[in-house]
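One structure coming up, written as structure tokens, with questions to follow.
Order of writing sets the chain letters: A, B, C, D, E and F. Residues in each chain are counted from 1.
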């Protein structure tokens, strides 16, 4: 039998578990799409806590769905294979050789590693790209410039994802799709996450980023805005509160809300357990954009 | 945005949540019968934590089933109604009038109060007695002495309980049954819990008691035995390690194990969050009797 | 082998069974809510026939749901416990102590007795109050006078009832509910039956009363009106055909019809087998209010 | 409102309905195969009561399955078409032309008429021959004499029958089967009923015959034996209690019991409502052969 | 091992199988009602290929439903039985005796023969008339002339058909129905097929006829029109392109399209494998009337 | 309308389709594991026919499951990345870097390409490695030599595969697994196919190889043995009929048969449509090893 003091600590721990009850209750049986990228994917210490958060989400009755990025790994392999990339307007011009490497790294390395990490926590996961199960039908981005195999989502068929979710297997999805002729396209993971969250009628879409969230003063992390109504975003952009690199992110959020996702979260993926902190506390740690 | 120190506290809390993962994983979809009585049922402060524990168990995927007692309330009402009770060998001789009061208090007061308390935490519960759904078929206890309507369990039909569990409703059961002629019997809640746990093939049967567990030295709570193999119990009784009032309790445990329950726990129901402490920590706080 | 004359009697009996065919066919798989109170609940001889009627309804494919009252038993126990009641406008001012007794008697005595009686006929039943499964969410009645724990139905969640009906278990419901803070309320059984019949989209709501039905001349039982269209009720009240104590009853019926119940019956619960007589004969014995 | 005396009559009728409860309860969800032939099929007045009995059986939760004969109709059409039949050992030598007529009359006339009659009572029925759904695989009877298309049952595939029963449609089956080459065979309806009852694990197989049942004295209908244990049949034959034309009938019963049917009944199909009389009264009107 | 040349032949055969892929894919899980009559039903050589086509349709995932005619057989039996028929306006005046023979031949002979033929290919089929399962409710045709038991479809209850289709059993339906009084009617098979295809929301209704299809020049089979839009039919009739005996056929098609059938095909049932040829090739061999 | 000669060709084609009926019938709803490697995977012309064969198998009701290899691609990438491999006893010593490339090529390139090819034919497929869904638990091969991440199958959890098969999605599996610590292993695809076929209780396991099958005379392709009973294999090896490189292949077959697979086929994957040729013709083109 543990002594009184240790028992007290344990009771505190148990108390903390039950504090999570209202959140567990509210999000029960809800689909949560997580865009997983940036530091959260690279820093091993952070990564471990996030993977545990995902496992916990599953165990307490939510349905996490992961859409991941994989930037640095791609560059590293392209370099090793001495394939050079041209960038126009920040987009990588993607020829067939490059696309091949991008797919191998995303679908054959990053993706399967996330699956392995999750399964170590006793949950089942499956590594997919948008090509599997005819899930993501892509099309070449429209532009005067030929970016090669850079695509956007034409539409999503969520049938297979739903069946896997129902079987309690966490889908981990690489941001790749194919068109009706079988051509493979590299898709921006942020937009891919929007399309998938929309097709699944997700309760939440959560972005793990390398910034604290939407801030009133970009240099002051304490100026973070916890809640924004979707309808207030246009005026926030007009007023310059949302500016710079945050604008495309927030436009993704708006798009997601329009496609039927209830809330979109922008989190600091550099904080340990950031998922649990955002989902299981009243104020959270990042910014939540609400549909209504 | 919270400051660094508070964030640290939150991260610690999140960490504690994920520490529970292995236990949540192991007990997923398992039925846990809880004999709920003694101080745990009376002390409001303790009660609140135990109800929360039960709600948490449900939310993380277990199927708690409650069998409750109700001693003091029964005496109080019998007294108010000026019905006197004769006791022989510690058993209350139960005539028709007494049985009527026992049933009203157990099924109409204690039972419905537990249901109310659980439902305040956002989980569904249903208050039943063994008479409902033909669940517990009782028979008069065999004895030379006529104890009146004091019965034992003849057999259990778990059909309705299983259907309620499948619908994610927690059954809360008063220790009352009826025989095939419609006679009502008062049943010892400890034995009722055994019969129900057996019929449901429960993973665990947990006794909330007013002692710390099975102790080597009855006067030294720190001498508690954390694990006992069912097959070692007879010799522990012979050696006098298990003695006195603990013997009938332990015999219940043996019976439960024989009926197919995997583990039986004897806990100190006077400790806050005792259910979580026992189920979600490696050593637990009480005594666990193992089938094998 | 029976002799010719006896055989003739038997053949007649068989013929009577098959006469019921058209009614059995029409009400197959239909939900029938029965407000069970008054003499039908008290007179043992009548009671026996009504319980048999309910069992037969179940066996031939209908889904009876019972909502019961329990007046005299409550008074008797309040008296024994020397709790006095103040009545204002015919409503009992219900303090906490009184509510406790009301709940014990309704949910712990009357309710479980009906379950026992039904199950003796080989059908499964389950005794519930509106508190179970979060079925009936109540609220305090609105009034300048404080009646204490006297409530009305705010809304009904029929999920658990439907699941029990699907499992072929007859729900027997005490007219008690709780609000979102866990407070218990005593609810008028007539209105409770309306709310439950509405939430279940019942085919019929049947009131067992101590009058023959709606009569043209209140002193002449032979003046009973067999069928009334719901839309004709207001003018019948205006013309004084429906008057006095019959008005609130009939308003219940109107409310039920508005909530989606197809027919409401007002029967004389003092007649043996009154349920079968009303449901299995062309004209019935009471008054049927039709939606259209 | 009906007057007192008429009400009394009605209450009696209602009482008779509830008297059937124990039988309804016991036979709920049980499959009952009825061999329907002889006078019961020809006499229109009797027929009407038997069809009503079958409809009632369905409505109160049993699953009747009809296997019918059709002797006189076949002869009448063969005569009209001037096809002569040779009989050897009581069996009709069945050439292709004869078989064609037999099938048309059984499957196209008698069968569809029974379906029509049943459906007039509000129950669904479907007319089949053993050829449908690959249900009855027949083979030519083994004999030194060539009887043509006279067959026995090789085996039964009950898949389609079970699916129809589950959809609450009463199968009405003509005693015809085909072999694996597509040849059509006429099968003795008594044996066909045995094979189908066996394949469906029927609770009962009921023969409607033109005799009162098994009688001790063949000239004294009052000497009928109500219950016979299957194991006692051989000695009853030895002792001459069962003799003559009753022997093959009783051997059918024995075979059915061996194939898993629980009880086999031999009834007098010349009595109105004979099915209800046998099934819904304690002693019945015919002879019941019990498995154990 | 086969030699090179034979292997080449085999590879060609395999190639032909895979050529069918796009058609198999498009018609997967679709219901196809086939009106089966004329030469296709009489010529044994043709018949064999059509039956095989039906079996193949089933095996590759379509749901064929057969509605058959039976003209010549009926005449032959009426003649043998010396029953004379009067014809008015091309309709047979059908008295009770005639109707009896019509039903026996259609439901007891033609129908069961088709079932036998299909089942020889390893698929399950069931022979029905519209009377079975209360599927086709008929009514007497409206006319000043009394044609006796000549009826039209009042409405179709597709419940049983759907349940059989779901169980992978092919329904084979004789064009007979009954009214609510149990009277039997002979129904034009072309119209019966329309009503059934409509009630099943069929993808296709296919008429096997004795003409090549709709032709521009009735004397030139090569003038066949492969595709007609439903909306163009009235003008095609006005222009005289569709004329004579083709008009009622085409009006059936229009009716079917109005009832929700997507395409209606008029095929030459005198061509071997005409079903496969029409369904598994781009242009088909007959005329397809398209909804849109 | 096509002319007579072309029509004749079409009729022949239709005839060929219906010739496949018996095979389609026999393999309906059966699981077929195909080890897909060698020339069949490399030669684009052959590949196209095999992918079509797989699509056809799916459409006619079989459940193909693909396990693929990928040798040449792996070597090519290792070379490009200047990673050298040491081979001992024919096994590649696989360090972490090598394993990384192997996984990327197999799971990120070869695997996804097969998925894309299959989906172009209108069937859904999903690209997996044994790591997904915890399907293949691997362990390091036991040996005195340290081959690094070269593993064998410890056990297979077929849950996810079965759920995908039930959803009509073809699993395409890369021969990679992980152990309980999350280490990734390269597994021999032939053995992986055996383990998966066993866990799925497959009807057939089909090896696409670069030899014609088991031949009596290794230099004479016409000496191929079409059928071998599993029990005869040991003596065939003793007699030298099976020798050299064919021995390990045949041992795989024996193992598969032992694990519950009914037939194992060794085919010449260099022949177009070899799958259809083997499965849809009586003798097939390769060697079939039969369980019994």
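Convention: a residue touches a chain if its C-beta (ideal position, glycine included) is under 8 Å from a C-beta of that chain, and two chains touch if they have at least 3 such contacts.
This structure is a prediction, so every number in the text was calculated from the model and none was measured.
Asks: Going by the contact rule set out at the top, which chains touch both chain E and chain F?
Replies: Expected: no chain.
Asks: Quick one: which chains contact chain A and chain E both?
Replies: The common neighbours are F.
Asks: Determine, using the mean of C-alpha atoms as each chain's centre, which chain is farthest from chain A.
Replies: Taking each chain's C-alpha mean as its centre, the farthest from chain A is D.
Asks: Taking each chain's centre as the mean of its CA atoms, which one is farthest from the centre of chain E?
Replies: B
Asks: Over half of interface residue numbers shared between chain C and chain D means same, under half means different, so which is it?
Replies: Same: most residue numbers at the chain C-chain D interface appear in both copies.
Asks: How big is the gap, in whole Å, between where the Cα atoms of chain C centre and where those of chain F centre?
Replies: One centre to the other, that is 67 Å.
Asks: Approximately how many whole Å separate the CA-defined centres of chain B and chain D?
Replies: Spacing between the chain centres: roughly 55 Å.
Asks: Find the geometric centre of each of chain B and chain C from their Cα atoms only, then give the gap between the two centres in Å, rounded to an integer.
Replies: 36
Asks: With touch defined as at the start, can you tell me which chain F residues reach chain A in the complex?
Replies: That would be residues 80-81, 100, 103-109, 111-112, 115-117, 119-120, 124-129, 131-134, 159-160, 163-164, 167, 169, 176, 178, 181-182, 184 of chain F.
Asks: Can you check the complex and tell me which residues of chain F touch chain E?
Replies: 1-3, 7, 10-11, 13-22, 24-25, 28, 49, 52-53, 55-56, 59-61, 121-123, 212-213, 221-224, 271-273, 276-277, 280-281, 283, 285
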